[in-house]
Amino acid sequence: MDNSLQYLEIGFYGSAIILILVGLYGALMKKSLIKIVIGLSIIDAGLHLLMISIGYIKNGTAPIFSGEDFVVAGNMVDPVVQALVLTAIVIGFGVTAVALSLVIRLYRHHGTLKIDEIKNLKW
Amino acid sequence: MKKVIVLLLLAAFGYYLAATFFYIDFGISHFTNGVRDYYLAHTVNGLSVANTVTSIVVSFRGFDTLGEVTVLFLAASALGSILYKRRHKYEERVVLFPSSRIVQAGSKLLFPAIILLGVYVFIHGHLSPGGGFQGGTIIATGFLLMLLAYQDYHVSHNILSIVESMAGILFVTFGLLGFIGGGTFLENFLPVGELGDLFSGGVVPIIYILVGFKVGAELTGVIYTVLNEKDI
Amino acid sequence: MVGSPVLFIAIPLLAAFIIPLLGMIWKESVRILPGLVLVYLLTLSINLLGYVLDNGPIIEIIAGWTPPWGINLVFSAFSGFLVTLMLFLGLLVWIYSYRFKRNVDFEPAKKYFILLMMLITGSVGIVLTGDIFNQFVFIEIVGISAYALTAFYTGRDSAEASFKYLIMGSLSAGFLLLAIVILYSQLGTLNMADIARNIHTVKPVYKITALIFFIVGLGIEAEMFPLNGWAPDVYSQAPGPVGAAFAGIVVKSGVYAIIRIVYTIFDIEGAFDFLVIIGLITLLFAETAAIKQIRMKRMLAYSSIGQMGLVLVAFGIGTEAGVFAALFLMFNHAIIKSLLFYAGSYLVFNSKEKYINDVSGLGKSMPITSFLFALGAFAIVGLPPFAGFWSKLYFLIAAADSGMIMIIALILIVSIVEIVYYFRVVNKIYFSKKEAHVVPQRPTFNALFSMIVLGLIVIIIGFFPDLITGILHDASRDLMDKTDYINNVLSITH
Amino acid sequence: MTYIEYIEYIAFFFMILGIVFSAYRFLKGPTAGDRTVALDTLTTIMVAGLVLLAYVFQRFIYVDVALVYGVLGFIGVIVIARYLEGAL
Amino acid sequence: MREVLEIIGGIFILIGSIFLFLGALGIVRMPDVYNRLQAGTKATTLGGMSLILGVGLLEPDWIFKAIILVLFIGFSNPISSHALARAMYKRGRFPILGKGENMDAYREVYDKNKEEEVKS
Amino acid sequence: MIGAAIYAILSKDILYAVIATGVISLILSGLFYLLQAPDVALTEAAIGVALTTIIFIITIRNTVRFEDEHDKKEHIKTIEK
Amino acid sequence: MENTSSVNRVAAFILNWLFLMILWLAFTSSLAIQELLVGVFTTALISIFTTKLFSCCDISILSPVKIFYIIYYLFVFLFALIKSNFDVARRVISPSLPINPGIVKFETKLTTEYAKMVLANSITLTPGTLSIDIIDNTFYIHWIDVQTTNPEEAFTEIAESFEKILLKIF
């Protein structure tokens, strides 16, 4: 069991950081508003992965004391980050929904999604 | 040119992040006397809740959850206010034409099962993975399936908003009931019961069930609002 | 004890959940209930503030878990003062907007008042909470209500401003989350006092990284220099009272969060210099931008950013006198900028483009509004008989005590710039020919009432500054005393 | 290593290969339908994989996740299909 | 008894994983959406079912949940692939046809619908 | 997952990008599961797979599917081919 | 008439309740008294709200004959499923891709919606076929290896064995 997961462990931080960077690139460079929102949600995904991997403990188990096989608390992974990520995911969903409704409004008003053409206010 | 600059900046930022985080070793515990061990010890002894994540979300950091529920509530309100149109008819068709008979029959059969799954997830939030948010989301997704499959399926807006408000009010009221006997906000005032039983954990499962109802109603409302949004 | 600080959060939430239900039965209640809640909270906070000034801070624990395990709220002299100020301004915003746009439908009105109440509640929560992740949640509450309120009017370019705000807001939330997770991974706790107690054990590299991320994340709310691109657009596109609420309430909570991070949690000396530098940059940038503006609300917005830069500089001085001056500046800014926004938004009420030129010659047709605007303008640039004078004076004294002569010179130059652009407006109001196409709009009774209250406060504080300095001294002492904060929070028992 | 562990390794190997193939189809795939097929396949493979992982971890309660996963993945595919149909 | 169950479960898992792999291979190799759906649906459905059943056999306590999952997969997978196939046809992605006459019986329905759409 | 993320950012067709976000959250929740966080995996699956997808898709329906007109023409060409 | 419909509704309610209760038992996998109590309560509540939708079959489905046919159907179906998988495996692995795809149609004698759905699902999972649409009684089937385009022959080839049993169940 240990060996099969060992190779995966190396990549967690790396993939989280790459996700953050890819999302940032999307949010900063893309022209389409929806792409920007997608970039934001990718940043969120990377952050959540980063947080969870910080809380991981090798050979740990989930912080649930299940009835049939009572597990000792010693080798449980960190429950706090999990609770934080739970909160963060729900909040991120709320923000995404609001952002997309704003995108719809902007499209109604301007008839385009390109950020270059929406500049009544100076960007 | 701008692209190159941004890419370079991003690379620098990524290097910085990587340099910071790779020193935080993966897979070991980084601190000795954090709050984690207290939580793990007291979730069984103090609250008799099996799922530590649930006990943290609902009891130790219950205030966060209140805020989080509020965020969803605000998001639903914000959607309503941003997309508001004066001549808004709720009788408007949600989808253009009904889906095929197979999908209709299938979703009819699956709908009760999905709702039951959602209810199961939030009732057992303190025993197994899951809880109010997840259960509420599953319920909302079940409604989404029905809304997609049928052309004339309607969810009453008033009922949704009543369920949502009642769940929220009860949540805060349960919090305020914690003041009974000189306690604090959101304090557990019920007997905690035996670990692993369904009726255990004092107010934790009750609050999570309320959260489930609230999130389910809110997200269904969000889906409904968005589905009705159409250029005329 | 007269009440519990947790009511500041619980009661508005309860009201927010009740409002949709009551609104089905009695439509007017959606406008009245938020006001009642705010009145109640204001009395509560005044009572608590009186109690706190005599007996020391109130630490409220939640869910029966003592810090650092549970979340706690801290109502000290410093936070209590800010909360009272915010609630007072919030009440005025409510009065002002009670009949703002009479023709607004029921549904938007309901949402407007819920969102406004939650904006105020979220800001109060940011100030009260003693837990960094809880602060993040409240920041998101403020954020979402702010996005929605900015985009409230469908006609203008408000969605664009709101979208801009949203992008920056969620990027900054990401940075905040990163900072929180770095601190958590090192210390295993999220409580501010606990972090402050153990921060010296953290390696400097993590400390600095976390601090930078925190400041970047919170700088959005506080309108710090590179992150304030949203502010002018938002102020100019949001409804008038909402702009006042941003300037008076949201920004204050952002500054509070930064100050709490820098003063209490971290023990890095360089952070103060950093605040001074960034404050100065913000100030210079904003004032130079403000003088170029041709639109009323954008000018006010840049002026507001400049004031926040000034506040940051004052906090960056790092002495008790500096903190005192900063608090006084914040108080004045909150009062006066709200007044300017209220009056200004009526001056350009019927003008489509909201140019400054459109206010020409309105002094005759709108005497009270014009007078109040002029009063605010005189006060904010720091002319002697008004409130702004004292705060600038205290600020200069504090800076001189710390030997920052260059800064004094810079601030004086900037003040002259301020005088130029504010007096330009006042000059237009009184001594220019009236433009034909602008129709003056009489303020409603509510609006007039709240403006006059603010104007009276400006004058009274100007003549009797001692009314407020006592509280401010207590508050600044409270902020400076870090060990006391840690001990108070961590020694609380159930 | 026991007999079951060998089986697990082989199963994981095949599943990862399956994930790689469907990812290839997802990235390649000329139309939206192909991508959605890849998503559907991926969901099924993941559900099976989650159940197998639950067995590896020896935690019964983990199966809940797989259950929820199956339900929601199905609805996600229906959503995309309804959009492609032009019904939304 | 336990050993027998283990052996049977192991075989089920093996078969399941091989079919999952074949399904994925199928969606790579097949030439158009409909054929990919054919391969994807059938192989992954049986693969997932047998793998989950195998795990259920290995751990007899889990068998009920495993059966529910199996039923669910068997029920929902064909529905979703049917919905997808119909959607693709309605979008006008006609299948690759083999040799023979009158191979596309659904085309007439599609054309009729299109005509009605044009009229209205 | 990273491939899907890069694809989501680079693809010209926003619908494909949306499906890619579905794949991202699918694999992400698998990783959460590997990291022994079933609660989070459940949440991510519940929110990421269906709800986010529907909201994005409705946005696409109410706006446009492509980043610019040129891409749309290309797309139609490939369909007709 | 009124009477029978209300009887039907009660029957549907009981069936729905039973169905959900079985699901609940499987979800919890426990017979603790608290779980059962809560389960009975919640499933009753849910079935009250969803009975209107849940109309797949009347109460007679619980009769032993029909249950026997259901089990028999399951066996036939499983056999077909396994056969179809080996068929797919053969096609996928063989390098030349032996396919000859096309769409055929045929009529069915089934009347109820659910029977059609089950038939369509079974067709999708049996060798080389994928149901694309049902319009009234006509099935449109994508066939990976078309042997005949004649509706009757296609029917005997694809669906006859299932339909025989389904007619007995519904």
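We just call them A, B, C, D, E, F and G in the order they show up, numbering each chain from 1.
As a working rule, a residue touches a chain if its C-beta (ideal position, glycine included) is under 8 Å from a C-beta of that chain, and two chains touch if they have at least 3 such contacts.
Predicted, not measured: the structure shown is a model, and the values here were computed from it.
Here the chain-to-chain distance from chain C to chain E, counted in touching steps, is 2. The chains that touch both chain B and chain C are A.
For the pairs B-G and B-F, the larger set of C-beta contacts lies at B-G. Greatest centre-to-centre distance from chain C is found for G, with centres as Cα means. Taking each chain's centre as the mean of its C-alpha atoms, chain A lies 14 Å from chain F. Chain geometry summary: the mean Cα position of chain A and that of chain D are 20 Å apart.
Taking the mean of the C-alpha atoms as each chain's centre, chain E and chain G sit 15 Å apart.
The distance from the centre of chain A to the centre of chain C, each centre being the mean of the chain's C-alpha atoms, comes to 30 Å. In chain G, the residues that reach two or more other chains under the touch definition are 23, 27, 29, 117, 120-121, 131, 133.
For chain D, the set of residues that touch two or more other chains comprises 8, 12, 31, 36, 38, 57, 60-62, 64-65, 67-68, 71-72, 75, 78-80, 82, 85-86, 88. The set of chain C residues touching two or more other chains comprises 133, 137, 140, 144, 147-148, 151, 154, 159, 178, 185, 188, 190. Chain contact summary for the complex, chain B toward chain G: residues 100-102, 104-106, 108-109, 111-113, 115-117, 119-120, 123-124, 197-199. In the complex of the two chains, the chain A residues touching chain D come out as 1, 4, 61-62, 64, 66, 68-69. In the complex of the two chains, the chain E residues touching chain B come out as 75-76, 79, 82-83, 86. Across the complex, chain B is touched by residues 16, 19-20, 23-24, 27-28, 32, 34-35, 38, 42-43, 46-47, 50, 53-56, 113-114, 116-117, 120-121, 131, 133-134 of chain G. Within the complex formed with chain A, the residues of chain B that make contact are 2-3, 6-7, 10-11, 13-14, 17-18, 21-22, 24, 26-30, 34-37, 39-41, 43-44, 50-53, 56-57, 61, 64-65, 68, 71-72, 74-75, 78-79, 82-83, 127-129, 133, 195-196, 222, 226, 229, 231.
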